[in-house]
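Following are the structures in question.
Both complexes shown next keep chain A, but they swap its partner, so chain B is in the first and chain C is in the second.
Now for the complex of A and B:
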């Protein structure tokens, strides 16, 4: 009997607590309520994204310890960063050595990013302009143009590897005869960088085309009618209508591609090797695989900083757009 | 909803909102409880992963289940291998589960790092590349077998096995941490028919290596007389095959060494040993390699050496691309590991037209600058089985190691998947193994003339530097002297930065 009584008293207490909580939630302002509802998301983000970042940042402040089962050594502050940026760190390839730009990670990555992204943007824009036209068989042309984007990186890498294997690839002989390639192009840093860039353009131009096409199709067609009525040429229409209106989309596409290009790794490893085309990501992975976790984490944060700087540049362009720039 | 709030005033809005909030919170709470209960009742097992995670193994009736990483050839022939192990004395109460740790040696190394750092109990046994067993030993991540194995087995491994293989699984104080499963040593495979047609007999060199000078000269002649597109194929790509093996063979056969006397310094002390890659024998070996690729008249080649016998394509050749022309009968000779003997010696490839001989020498045996250098030198490859120190099945693992140490198992393994027996006397007896048995003499000779790579904890990064600089020198991207000076300072820098 007394047990029943205490049980009912307990459940009444719990009910009062529930009510108290619900009443408190009712009294929250709109903003407070939104934040309460977002708490699980913040918790998830904190656990899955922020904490690993902070943990890696912490590792980057510790020495390498390759001779122990615990690979994180003593706290050394910013020493890993200093050694990387001053060229004192023993890395697979130098981080920055302008005497050997084709075997130095930062110049190789920047060259790859600049050439590939510019070429992909131009080609993607041209492809999008074509795909935006009404013509017979447009659907099949769209499929054909987008097809390379669907190819997995490893397959893409193997395609270009085989294309430039001297005994197998049909491209090597003619290009060597023209003096454009060396006897073993995939072992030559300049040739390999060019081949990796070609591989990236082949695949990623379609991605740029897709995004730019979306921007093009959102342009109000009546603007072109008005322009034509006013006697504007095709070039003038492009300069005054198409380009300004597609620019926000273009900036988003450029942002995506630039970030991805700065992190290139898979294509390099499948087509050539990180010894031949040493990108920044190659440095991180080879250093990590050598059990030098502190140095690898520091390089990763240097890459993240470079990407963040570029991100800021793009954000500035967005802001200009919002304020009527360009 | 916002519309009605605006129209009906703050109080109403608050009331209307609070009902929704209350319902919302109640709904979320109810969903959470339901999902929680479902999760609890769903349970789920954490064991049984194919990658070896979780689970304590074991089985009905007191049987234990050993989980071990193996190569694909064992997994493809798992029934035959298991039967050979049981026939060799492994208790049938011990069940065996073969799993993969990756498809490349690098993948396996990285996977082991993760497993062992996490102190996982499984897999119980792991197969380690002889090129990177020692870093795991130095980090204290493998079981010391001196206390676990019976003394007669320890004696057998220490005394009867190929000593370089045992050295690759031995700690700094001489303790054994792994049992060699099979050693690997490269040889020169050649088109016997083309060589004979050109008037030479290389069969006489099956157990007595010829010099590089003679080899280059005769091969050039054979190459010119034949219709083959390729002469001597080997691997000069800037990757591990060059650093651990090809360049190691070249420089050792010329009497040079990476770190002075290999008998004292091969495995350390890191940071307290000389770096000797800038010495004459090493540079001579690279000049010889340059002669092979660029011809005798090119800059930086070795005087009096025949050249132009290796395609410039070698600069991007790993093992398979260099072998392909030879398998197709389109090359005179190939430097490769024993697995390729099985491929090229098959009837649908070159069959009995293929000959095998040891790697040639730069300076005669005993005339190298350091002990153990000079003469024919093949790089040591191969794999060792080591025990996970966190395993709950150490007794069963020891029984497994005893089984793989028996002669019957080693012969069965050689016959089934082509793994060379790790004991020279067992290798000599393997006369009934198809294809390979034709080449037992040169294989045994090669097994007794090997040089391991200096596989210390800093070797993964040093090896990359070696590959880059040797490749640059061979492919004439840098003068030999400049490349070796650069390598000397890079290796020193790695040595000095080590704080083991």
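Now for the complex of A and C:
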């Protein structure tokens, strides 16, 4: 009985304290209020994102220390970066070796990104043009088309693992007869890269399509009426109205997909293995697994630098386009 | 009937060509249908293939054609009997739901501030949030792994070991989804007229009270969109879900580890892999069918606003 009473008194006190806190927050000036309100989000981002980035940046400047208990070695400046970029780092798979492009990380990642993103853009554009039309059952067609986007990465990988399993699939035999696939495609670097690209296209074209569709639907329909009045053909309408007006959206979608594709990891790990298709993210993990913290961190920042360069290039182009009129 | 026989084949071709030239719309109509057929087949065929592989008994699985080689629906039960698959599913849902709650709560406050207040430092802070989302997950991995396994201390404070707990996945993912959700919610919240918030303030509500009693309820569709999107992203995520737990069901491993267990076993059971994949994708498929408009609007707005 008495414990219950004291408990309720305690909760009342806690409630009053709470009110006090709320009142104090209420009395803050607007600027103070804003910063107090941003505390939780920056506490979370600070511990889970900003601190890790600074820490990774720091250990990327320290030597690998495989033998001792503390895996972070002495400060070596940019040496890790130099060794990775010159190919002296002696990683599980080379960073850049043009003699074996399908087993070195940078070419593999760039090939994956370029082929997948270009294909996704073209297919996504076609899908968006279709979904922009009026027809019966349009909603259900859209569900069918975006379904691949909602598949977890591991299941996406499993699907393509099963599709190209030589002992299983009906696809492998004919493709081998055509000379497109080797005997064990999931253990062959070149074939696996192709399969992983296919898997990415299957899943991500829908994402492209949705973004482009949003751009298409924001186009003023009366422009088409004017074009039709002046006798423009469908193709001309596409060239002079649809394409230029949807281009900004298309570029944003392209940027998004490119950045995401450069980070690819899970799909590779499930379909094949990081050893067969060594993307940049894979290389970070395998280097980290070998207890080489400094080198792993440096590769991680090389990826970040590639993304940053891409962003800068994109922003510059975008600014130029804005100044150029339209 | 008789008339159809009188027109010879050349005539039919000619008429079609004639129609195509004079009514290009008909051609586009046909192109649209062909496109729909192509894309739907390409999108949905893999799901059909999974079903074929799952239903075929494992002993007759090699050299499979387009139809199942036998009929074995018991495989869907076998998935749950071979490994604690239900526990993996539960872990996944728990992780995705906790992340959604955290992201919506913290992201609401941040979205409110960024969407409705103009203050010094607003743009730089937004840029910081945006820049975080461009970094690859591998750039966060090493410190977070060391932190969660107790190998490094943060600001000299003792930190709970989160490795092999749901929080080991929830915390990093909350941070990585946060930028997208902040941008989504701030646009939704900024669309609420100032008058409504002022009215609440005059009635004696605090600023925080106005946020949770007026602004969040009024933007309920937006909040729902953000929530659904977070849930899908976390449920589908690979990187942290794979690396921040050892992979047993007891270590709070999500469903991706459950599915990979079938790939790793000595006896290769393709039918179980396929069946587990189908079960794992079902929650997402249902979600898309029920909430497709929310997902589409959230995806497009989130990406295009950023």
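We adopt the following convention: the second predicted complex is superposed on the first by the 272 of 326 C-alpha atoms of A that agree within 3 Å, B and C clash if a C-alpha of one lies under 4 Å from a C-alpha of the other, contacts with A are read in each partner's own complex, and residues count from 1 in each chain.
Simple rule for what comes next: contacts are C-beta pairs under 8 Å (C-beta built on N, C-alpha and C of every residue); 3 or more make two chains touch, one makes a residue touch a chain.
Note that the structure is predicted; figures quoted are calculated from it, not measured.
Of the two partner chains, chain C is the only one touched by A:259; chain B is not. Judged by the touch definition given at the top, the superposed model places A:186 against chain B, while chain C stays out of reach. When both complexes are overlaid on chain A, the residue A:251 reaches neither chain B nor chain C. With both structures placed on the common chain, the touch criterion links A:291 to chain B but leaves chain C unconnected.
Looking at the shared chain after the overlay, A:275 reaches chain B, while chain C stays out of its contact range.
Using the contact criterion defined above for the overlaid structures, shared-chain residue A:33 touches chain B and also reaches chain C.
Of the two partner chains, chain C is the only one touched by A:51; chain B is not. In the overlay built on the shared chain, the residue A:117 is in contact with neither chain B nor chain C. Of the two partner chains, neither chain B nor chain C is touched by A:194.
Put chain B and chain C next to each other and count what each touches on chain A; the higher total goes to C. Residues 22, 25-26, 33, 165, 167 of chain A touch chain B in one complex and chain C in the other. The part of chain C that touches chain A in the complex is made up of residues 24, 28, 32, 35-36, 39-40, 42-44, 46-47, 49-50, 53, 61-66, 102, 106-107, 109-110, 112-113, 117, 119-120, 125, 128-129, 132, 134-144, 147, 152, 154, 171-172, 174-176, 178, 182, 206-208, 232, 235-239, 242-243, 255-256, 259-260, 263, 270, 273-274, 277, 280-281, 284-285, 287-289, 292, 295-296, 299-300, 303-304. Listed in rising order, the residues of chain B touching chain A in the complex are 14, 17-18, 21-22, 25-26, 106, 109-110, 113, 116-117, 135, 138-141, 236-239, 311-317, 321, 324-325, 457-458, 460-461, 464-465, 467-468, 471, 475, 490, 493-494, 497-500. Across the interface of their complex, chain B is touched by residues 21-22, 25-26, 28, 33, 63, 65-69, 71, 73, 90, 92-93, 103, 165-167, 182-188, 273, 275-276, 286, 289-292 of chain A. Contact residues on chain A toward chain C in their complex (touch as defined above): 22-23, 25-26, 30-31, 33-34, 37-38, 40-41, 44-45, 47-53, 55-56, 59, 123, 126-127, 129-130, 133, 135, 139, 141-148, 150-155, 158-163, 165, 167-170, 202, 206-207, 210-211, 213-214, 233-234, 249, 252-253, 256, 259, 262-263, 265-267, 269-270, 280-281, 284-285, 288, 293, 296-297, 299-301, 303-304, 307-308, 311.
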